[in-house]
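I'd like to ask you about the structure that follows.
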Amino acid sequence: MSAAMIELSAVSKSFGAAPVLRAVDLAVGKSEVVCLIGPSGSGKSTLLRCVNFLESYDSGEIRIEGRLIGYEDRPDGTRRLMRQRALREMRCEIGMVFQHFNLWPHMSALQNVAEPLRRVRGLSAPAAAERAKQVLARVGLADKAASYPGHLSGGQQQRVAIARALAMQPRLMLFDEPTSALDPELVGEVLEVMRSLASEGMTMLIVTHEMGFAAKVADRIAFLDGGRIVESGPPRQVFHESQEPRVRQFLQTYHDRNSF
Amino acid sequence: MQPQVIAHSLAYLTLAAGMTIYVSVAGIVLGMGLGFAVCLARVSGNPVLTRAGAFYVSFFRGVPVLVQLLFIYYFLAEFGIDVPAMAAAIGGLGLASGAFQAEILRGALNAVPRGQAEAATAVGFSRIDIWRRILLPQALRISVPPLINEFTLLLKASSLVSVVGIAELTRVSMNIASSTYRPLEAYAGAGLFYLAINLCLAGLGILAERRLSAGSAR
Amino acid sequence: MSFEVLWRYAPSLLSGFAVTILCWLGGSALGLAVGFAIALLYRLPFAPLRWLLRVYIEILRGTPFLVQLFLLYSGGPFIGLRLEATTAGVLGLGLYSSAYFAEAFRAGFSAVPRGQIEAATSIGMNSFDILWRIALPTMLVATLPAIVNLLIVLSKETVILSIITVPELMYQMQTMAAETFTAFNAIFAMAIFYWLLVETVSRLGYRLERRVTAYLSPEARAS
């Protein structure tokens, strides 16, 4: 088995006394697109945020291309927190797109994309601006480079956010419910960008409620419930052939409204 | 400094603290009345009243309290009325506080969600009842934190009435400083008294908020 | 008050005005600098330091400005600090206002949405860049109304300096009033003067606010 891009082994986490993730195993291979679905509170977002260590995890291992993230193994077998510098190094290879975009409001779209290139990748101002322009064109917003987030629609803001993550040329990308905060008519433009990223071979781990999108674009679907992966497999298997009661119950509400 | 002097000074300061509290409370109460009246004037819809209210707020918030105090003291003297210093002090504090309290109340009224008055109107409440039962109770609750803040400010402003001779904390500490040649101790002592009063005020504020919030969602 | 009187006292009144502006600006600058430093220090994870800063802030905000001035001016010599009235005035104003500015900056920092910090963290930015490039700009905009407000309040507090004989406008006015028996007119003029000053600065502040928040969406600005 080639080293998976992302490998989670027996990852557990509790918020105080409440367990949120229970010994989760998940692997995402290179150029694979995996969608995490499930009811609210199932731990999907928490799991995603552990992958780039925005949330810590209590036990188990998360490895990015074979390298443990968040912690270092000491020679005596115990674990300690990873040093900030090493963590930052790993983080710049992971792109993340948030539900609420999280663009920096005092910077234009171009500046939002160029800022990490300058501060983290160390590019010069002209080089960063050039790359930023290219990536903004890639997501279809070349003409909005000088606009500020406050004057862009939700869909446009999210595409800028994707551009910001993409410009760093990450090895993989994490999406935390990227369309949940958007008006329905703006969802399509964002999903379209994500679909084209997938077709170009980007490794993607996506938490989403967009079942139609997941059915068409994902290589695998993982269903989370109560902090555990209850079912995992190709879309056809999870959506149409699942025997798990929780999965069928959850999907029933979607089946009633859409068909995929 | 001999213990006797300390004891005497403490006694004087304690009395002075009482005076400070007296003047402050009187100023606050006057300010409440004025603030309420001015706020009503501003939201009344009557152009004359609104203008007058706005002018009052603008003037008494824009002019420094010290100037206001001396203004009243000399203003009435100009017309031959001999004002006792106490009246000038309380009047000055009350007028100034009234302007700030009017604005606080106005802000609180604005903060009450409009939908609530609309629901009351739809059901057939009279205007007076909407005010009495819906708007005012909620506005009062919302205004507690900024009011406590305003009272703290008033307490500190009371130190200025020392210039018209009222024997409150600041004036008395000045006397102690000059008679004992120990300004550090005298003023530090006054400062501690002020801090103590402020602490009680903050405690009252927490109590008041808790009482008024019982039963509401936020 | 006759024009002749005013003309005679014009030089001292103008100098008083200059001293008022000097004390106001000097005190505000000192207060802003110290207050900002306090707000930054407060973010360090040292409990004893934060406790110390908290005590500082509470004492300066919980006692009258006048008492603080007396402490500095009259009590200073007893700890080796022999200050001139104006110096004591500026220093006093600076320390007094630093507590308020510190609280305003602190509130500004907590107004920075967490998500923006998270985006910067997830991309691999270091703490310095996150503070300087992401948190600070948003924080300063959020704090601007409070700062303008405090500046206005401080301009009014300068009259208190007259009590410790700082030769600012109020002091000069009172001298003139005493020498020419025109107390009422002088005070009246002072009242009008300050009222106009505060109104003007308030409106300018409001305009400045709108300019600085131009990049925000209309809803964000309304709040």
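Order as written gives the chain letters A, B and C; numbering starts at 1 within each chain.
The definition used in the following text is that a residue touches a chain if its C-beta (ideal position, glycine included) is under 8 Å from a C-beta of that chain, and two chains touch if they have at least 3 such contacts.
Quick caveat: nothing in here was measured; it's all calculated off a predicted structure.
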| task | Averaging the CA atoms per chain, pick out the one whose centre lands closest to the mean of every protein CA shown. | result | C
| Result of counting contacting C-beta pairs for A-C and B-C, higher pair | B-C
| query | Using each chain's Cα centroid, which is most distant from the centroid of chain A? | reply | B
| query | If you average the CA atoms of chain A and of chain B, how far apart do the two points sit, in angstrom? | reply | 55
| field | Geometric centre distance via CA averages, chain C-chain B, whole Å | value | 22
| query | Counting in whole Å, what is the centre-to-centre distance of chain A and chain C, each centre being its mean C-alpha position? | reply | 46
| Residue numbers in chain C touching 2 or more other chains? | none
| request: Spell out the part of chain C that touches chain B in their complex, as residue ranges. | output: 58-59, 62-68, 70-71, 74-75, 78-79, 156-157, 159-160, 162-163, 170, 183-184, 187-188, 190-191, 194-199
| chain A residues touching chain C - in the complex, by the definition given at the top | 52, 54, 84, 88-92, 94, 96, 98, 100-106, 115-116, 119-120, 148-151, 161, 164-165, 168
| Contact residues on chain C for chain A in the complex? | 113, 115-116, 118-127, 129, 133-134, 137-138, 141, 215-217, 220
| said: Applying the document's contact rule, which stretches of chain B touch chain C when the two form their complex? | reply: 58-59, 61-68, 70-71, 74-75, 77-78, 152, 156-160, 162-163, 169-170, 173-174, 177, 182-184, 187-188, 190-191, 194-195, 198-199
